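Here you go, one structure.
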C-alpha cells in the first residue's frame, strides 16, 4: 500500500463521514455543508488518482472540478434558503 | 432521387424548425413552413417508392466515411412506404392542428418539425446507435406536445409518458451496449445475422427488441399508452399514433429480419405476446367510455395484429403485417381526427355526453364509419385486406390459435366501434348544459335560441383525405400489396439490404 | 525527480489527512456553524495541499498556471460556499450550539415590524 | 468485475428510486440509471485498455476504444436534456406526488 | 361480361342515387325500380342459356394477384334464381317505396337499398370466396344502416343485428381462408370440386361448421333467430326486401352453394336438419303469438327459413328441388305480405291485431292481395306455396341417418305447418274480418302503392298454376347443388302420396288449432321462454363491457411507477430466461480490473445506500450527485476524459437545476408503506443483479472493436484531429451529434412551452425564511455581494476557458459540448449570484440561441455537400504569421452550433425555473383551464406566441418564440 | 502616492497569500486540535464587525478571507456602512473578534490600497479619547 493509496483511502473515509452528515442533517445547511465536503473530496480524488494513473491533462480536469464544486455549493445554499437570495 | 440527398429529408425539417424558433413570421408563412417539409417528404418518398418498387435500394454513407464506420442511410420499399405514410400523417395532422388552433401553442411548429425529422431519420438509418438518437429526437418534442396541449390530465400523463419512454430508451441503450460488447459493431450491415449465430448478440438484441416492444405498447407493457394518449389534444394523439409506436414497430421488423435473420427459435414468444396484445387491447377498448380512450386501446390491439406479422416471419405474414401497418396508421389517424373534430366542437369526447351527430354531421359520420369499418376489417376498406392476409398468414404458418384470436378480436373491435357510433352518432342529443354558441337574438333580443355548434368544414378535410385513402387502398389493394410483398421479400432475404448498408 | 515524486506524494498525503481531520469535524463539532469551519479545513487546507502536491508531481509553467487557477477557484468556493451555507442556515433557523455566547444578528423584538410575517426564531430547521 | 458491480449497484439504486412515490425520486432514479447504462457502454468497449484516445498523448495501439466514449457523451447529453425537462414537470401541477393520497 | 355489366349497372345506380334523389325525391324509387326491372329482364333473358342449355356464365378480372384473389363471377342455376329474386323483388319494393314514404328526399334509404341490391347480386354471382365474403359483409353493413335509419329507437336493434351477423361473417372469413389455403385457390367452383372434402373429414367438418355458423346467423336460425324480429325496427320496405326476400336468403344461398362439398359431412346434415326444424317449429309457434303483424311476418320468416335449412340439410335431389322452389315461393309471398303490412300500417295507422279488424269491406283489394299471399304461405292449393311445401315434406322424409329420422323430420315439418296455417289465418282474419276495431276512417290504398305486393302475390298464384314451368330451374339448381341429372316433376297434383296427406294433416290440424286457440288469441303474449334473444344479447354485451373495464383497470393508474415496473420485471424475466438457458461466453479479454476500481465501487455503494435510505429531498439529490461524480471518476479511470468532463459538468448542472425545482416542493419525500419498500427493494435487487450479470458476462470479452481501432488508426489522416472521441462526434458520426444537439435544444423549447401552458409551482412553505426582515442576514442585495464579486470575476475566466476548450477540442480534451457546458456553468454562476431573479434574468434571447445553434449545425452539415455529402467536413490550412498554420475544418463550425445550443438550453432552464416565485399571471391548472376537456392552448383567436394569460411570456421567451 | 507607498503596496500584494497561508495553517491546527481531542473549548458567537473596506471587491475579499480561516466564518455582510457579521468559534469577547478581523483587514487593505491603509476604528477611538481601552 503506497502513500498515495493511503491518501485516497483518507479522502474516501472523509466522504463517507460527510455522507453521514448529509443523511443525518438535522438542518438543510448541514446537508449542504456535508455536500461541500463531498465535492471537495472529488477534487482531491481526481488529483490523487491522476497522479496514480500518471495521466496527462489532469490539471485541466481538476480546474473543471473546482468550478463545478463552486456551482454546487452555491446552488445548494440557495436551495437551503428556499430560493431566497 | 439521388441517394446522397437522403439526409436532406432530416436536415430540411430541422432547418425550418430552427428558422421558426429564430424568427417571428406572419401566421400564414409559419403555417406554410410547418406544412412544407412534410409535403416535400411526401413527394420525395413517392419518388423513393417508385425507385425501390422492384426491390432495389438507395443507400448513402453519411459524410462519406468508410463502410461500417459511416452512419448509413438506407431506403428500401419498406422504409419508403413508412416515409410516405408518416409524412402524409404529419401533413394531415399538422393541418388539423392548424384548423383547431393547436399550432398557436408555444413552439408547436418547431416541435412537430423536429418530431418528423426524428421519424424520418429513424426510418432511414442503418445504425443501431443512430437509431437510438433519432428515436430520442422524435421523443423529445413528443414529451412537450403531450404535456402542453389537451385536457387537465395532461401533466399526469406527461409524467407517465416521459418516464416510461426514458426507461425504455435507456433499456434500448443498454441493449446497444450489450450488442456492441458482443459483436464489435452497431452497424446493421455488419450485424446481419449476428443474433442468429451468437447467443450473446441475441441477448443484447433481445433487450433492444424488448425496449421497442414497450415503445410499441405490446402487452403487458401497454398501459402507458392507454393512460397517456387520450389526455393530450386530438391532433397530437393522431400524430403520435401514426408515428411513435409505428417507428418502434418498423424497427422491430427491420432488426428482427436483419440481425436475427428471422431466426425461428424465438418466434413463438412473439406469437404468444402479440396474440395477447390483440386480445387485451380490444377488451380494454370495449370497456372505455370516451371516444379517444376507446380508440387508444384499439391501437394496442392493432399493434398486436401488426406485430403478429413479424412473429410469423413468412412471406405472407410479413407482407400482411406491413400492409396492416400502413393501413392502420392511416385509419387510426383518420379516426382520431374525426372524433377530434367532435371533441373540439362539442368540448367532450365522453360517449354519454354526445349523441345524434350523424344527422347533423353526415359527412363526418361517413368519414368516421368508413374508417371504423376499415379498422374492424370489413370490406371494402383497406382493413379487410389487411385482416384477410394476416389471418391467412397465421393459418398458413400453422398458428391456429393466433389466427382464431385475430378473427375473434375483430368482432370486439366492431363492438367497440359500434359503441362509439351508438353513443356519438346515433341516439339522442343530450340537453346542452350551457349555451354552446352565442345565442341568436332576434329583434328585441327577448328570445335567445341555443344553437348547437357545427363542426367547421376545415376540420373535416384531414379526415376526408385519410378516409379516402383507406377506401382507395381497400379497393385498389393491389398497389399496396405489391409494395408490401416487395418489402416482405427484402425482409426475408436481407442480402440486398446488407449490401446496401455496407455499400 | 524521485525525491520530487516523494515530496508530491507526501504533500498529497498531508492534504488527504488534513481533509480527513476537517471531515471528522462534521461528526465532532456541535453546530452547523462550527462544522462549517471543519469544512474549511478540508476544502481550503486539505485541498490546497493536494493541489500543490499535484504540481510537484507534474511541474510545468502551464500546470503552475492551471493549478493556481484551480487553487483560487477552490479557495473561493470554500469561502463563498461556506458563507452562503452559513447564511442560508441562519435564515432558515438552523440550531445554534447551546454554548453560543451572543448573536449580533438578532434584532430586537420592537424593531421587528414584520414579526407576523416572519416569526423570528420560532421554527428550528429540523427536517429529519 | 468492478465495473459490473458498480453497474449493478447503480441499477439497484436507480430501480429502487424509480419505483417510489413522487416524481423527484423517480427522476433521481433515472439519473442513476443513466449512469449505469453509460458505464455499461464503456464496459462494452472493454476495460483492459485504459489510456485516453488522444493521439497527441497516447499511441493508437494502447488507447481505449473511442467509440463507446462518443456514445456515452451523446447519451449523457440526451439524458441531461430529458432530466431537466422532467424536473420542470415536477414543478408543475400541484405537487410532484405521482400517486393519489392513500 | 353480362355479369360484369349487371354489377356495373347496379354500381352506377348506387352512385347515381344522390342525383336521382335530388331530382325526384321519394319518386327516385321509380327510376331504381325501372333499373332493377330491366336487370331482372336481362336475367330472365339468360334463362335459355343457363337453365335450358345448362351453361354457366363466367367472368374473370384480376384484383389482388399477390394473394391470388380475382374478381371472378359465375352464374349457374342457383345464381340465376337468386339474381332474379334480388332484382325482381327489388324492383317491386322500390316501386312500393315511392308511396310508402311521405313526400321528400330519401337519399339514405335509396342509396343503401341500391347498395344492398348491388351487394346481394355480387354475393350470389361471386365465384371467388374472398369476393363472396366481401359482398356478404356489404349486405350486413347495408342492413345495419337501413335498420338504423328508423331513428334512435332502432339503434340498439341495428347494433345487435350487426354484431350477430358480423360474428357469422367472421366464421365465413375463417372458412374462406382455410379453404383458400388448403385448396390453393380462391375460386369457389374449383374449391367446391376439390377432392379434399371427401378425403379429409376433419377439415371438411371444421369448414362445414364455420359455413353453417355463417349461414345460421344470416338466415336467423335457432339460437340466432331472434335478430330477425328484433330488426323489425326497420322500415317495412327494408324488411320486405332484406328480411324476407333477399338478405336472409343469403344464408340459404350459402348452404345451397356449399352442399356439393358438405353433403357427405354428417355434422352438416344433422345440424342443418335439427336446427332447421327446431327453428321452423319455434318460429311458427312464436308467430302465432304475435299481435304485431310485422313481428308475426318476421317469426313466420324465421320458421320458413328453418324449413329451407332443414331441407337443404337432407341434401338429396328431391330435397334440393324443394329448397329451390320454396325459396322462390317464400320470397314472393313473404315480400308481398310484408308490403301489405306496410300498406295496412300506412292506411290504418296501426299494425296491432288488437286494433285491427273488419277492413275487408273498406280495403277489398288489399284483402285480396293479402289472402293470396297468406294462402300461399299456409300451403293451400293451387298456390305456389302448396307445391313447394309439399316438396319440402317429401324432401324431409328422405332425411339421412336412421329409419325414423325421415319420419321425425316430416312430423316436425307438419307441426310447423299446422302453426303456419293458424297464424296465416290469424293474419288475414284478424285484419280484414272479425269485428271492426279502432278507426273506421280507412280508405283503400292507391293502386301504385298496391302494385308491388299485388304482383308478388299474383306471381305466387300464376306460378302455382303453371308450376311445371319451374322444372327447368329446379333441375338446373339441383344439378348445381346435389349434382347428377335429376328430373324435376313439379305439379299441383301427383296423386295420393304421403306428402299430400301431410299437407292435408297440416291444414286440418291447423284449422283445429285456430278453433282451439281462438285463432291464436289465447296464445298471444304468453311467455314461452324465460329469456328473449335481445336480453341475452344485452347481458352478454354488458358482460363483455364489464370484462373490458376490468382489463382496462389493470393499467388504469396515473402513477408512473405502476407503468415503469412492468418493463423492469420483463427485463428481469429475460435475465432469468437467459440464465436458465445458459449461454457460452468467452473468457474476459485482458485485465479488466484495477485495485483503485474498488474505491469507486465503495463510493457507488455509499451513494446508492444514501439515496435509497434518505427521506430528505436535498440529501437524495446530493447522493445521486455523488453517484454521478463516481461515474465521472470511472470514466476518468477508463481514459474517457472528454466524457468524464461532460459527466461532471452535466451532473452539476443537474444539481443546479434540480435545486431550482426542489425548493418548490416539500423537504421530505412522500412516505410509502414499509411493505412496499421491501417489495421495491427486492425488484431493485433483482434488476441490479441482472444488470451486473449482463455487464459481467456479456461485455469485456473481446479485443478492441474493429471499428474502434479504425478510428484510432485513421482519425488524424481522415479528419486532422487527434482527439479521436471528438472526431467521432463531429466528423465520423456527426449525425448522432446533430440529433443530440436537437434533443438538447428541444428540451429547452418544451420547458418553455409546458410552463407557458401550465405554470410553475411557487416556493414551498417548508423552506420559509424564519429570520426577521430587519436582520442583517436578510437583505439580498447586501448579502449576495460576496458571491457576486467572485462570480463576476470568474465569469470571464470561464468564458475564455470554454472558448479555449471548444477550439482545441479537435485535438485535445474539449469540444463543443464540454465548452458549451462550461460556458453555461458560467452563466449559471452569475445567475445564482444575482441579488434578485429580476436582475438575474439573463437578457439574451435564449430560445433564439438554440435556434441559431441548430441552424449553424445544419448549415455546416449542408456545406458538406461541396464535398459530396451532408455533414462531410471541409478542411483547409490557414497560414498564420510566424510560419505557423492552423487547421480549419467545418467541423469547428458544427461545434460552434453545438456550443450555442448548449448555452441556450442552460439559459432557458435557469430563467424558466429560477424565478423567485411563480410567475405573475401564472396559475395552476385548475384555475387556468376554463372547462375540463377543453384544451386551453387552442383558443382560436389567440396570437401565436403571445399568451394573454402570461404577460411575462415575451420576456421569458427572450422576445421571440 | 510615493514610490515607498507603491513598494509597500506591492509587498502587500505579495504578502497577502503568505499571510493567508499562515492564517490557514494556524486556524486549521486550532480547529484540528479541537476535533481530534476530547472535550470542547468552543465558545461561539455572532459578532458584528464594522469595516474600513469601501468597494464591493474589498468587502467580498474580506468576507472570504474571514471565511477561509478555519474557526471564523462570515454569515452576513453589508455594503454601506461596510460591515460583516462573523461567526467565531472561539469568542473570548466581542472586541477580540473585532480585533482579529481587523488584523486580516489590515493585510487585505495593504494589498488593495496603493495609497496606504486607514487606521483601525478602535485605534481611532484611542486617539480621540486619548487613552487605550
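Note that the chains are named A, B, C, D, E and F in the order they appear, and that numbering of residues resets to 1 at the start of each chain.
Convention: contacts are C-beta pairs under 8 Å (C-beta built on N, C-alpha and C of every residue); 3 or more make two chains touch, one makes a residue touch a chain.
Keep in mind the model is a prediction, meaning the values are calculated, not measured.
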item	value
Set of chains whose contacts include both chain F and chain D	E
Between B-E and B-D, the pair joined by more C-beta contacts	B-E
Most distant chain from chain C, judged by the mean position of its C-alpha atoms	E
Per Cα centroids, the chain farthest from chain D	F
Distance from the mean Cα position of chain C to that of chain A, given in whole angstrom	11
Chain centre separation (chain C, chain E; CA means) in Å	66
Whole-Å separation of chain centres (CA-atom averages), chain B against chain C	56
Distance between chain centroids, defined by C-alpha means - chain C, chain F (Å)	17
Residues within chain C bordering two or more other chains	22, 24, 36, 69, 73, 76, 78-80, 82-84, 86-87, 90-93, 105, 125, 127-128
Shared-contact residues (touching 2 or more other chains) in chain E	558, 560, 564, 568, 607, 616, 637, 641, 653, 660, 662, 664, 667, 691, 694, 699-700, 702, 705, 707, 711, 733, 736, 739-740, 743, 746-747, 750, 754, 758, 766-769, 775-777, 783, 786-787, 790, 794, 812-813, 925
Chain B: positions in contact with at least two other chains	129, 133, 136, 140, 143-144, 147, 155-156, 158-159, 163, 167, 174, 177-178, 180-181
Chains grouped in pairs wherever the two touch, ordered by label	A-C, A-D, A-E, B-D, B-E, C-E, C-F, D-E, E-F
Residues of chain B defined as touching chain D within the complex	129, 133, 136, 140, 143-144, 147, 155-156, 158-159, 162-163, 166-167, 170, 173-174, 176-178, 180-181
Chain A to chain E touching residues, read off their complex	8-9, 12, 15-16, 19, 22-23, 25, 28, 31-32, 34-35, 38-39, 42, 45-46, 49-50, 52-53, 55, 57, 60-61, 63-65, 67-68, 70-72, 74-76, 78-85
Residues of chain A defined as touching chain C within the complex	2-4, 6-8, 10-11, 13-15, 17-18, 20-21, 24-30, 32-34, 36-37, 40-41, 43-44, 47-48, 50-51, 58-60, 62-63, 65-67, 69-70, 73-74, 76-78, 80-82, 84
Residue ranges of chain E in contact with chain F within the complex	775-777, 779, 781-783, 785-786, 788-790
Interface residues, chain E side, partner chain A - complex	596, 599, 602-603, 606-607, 610, 613-614, 616, 618-619, 622-623, 625-626, 629, 632-633, 636-637, 641, 644-645, 648-649, 651-653, 655-656, 659-660, 662-664, 667, 763-764, 766-769, 780, 783-784, 787, 794, 798, 801, 812-813, 822, 825, 828-829, 832-837, 916
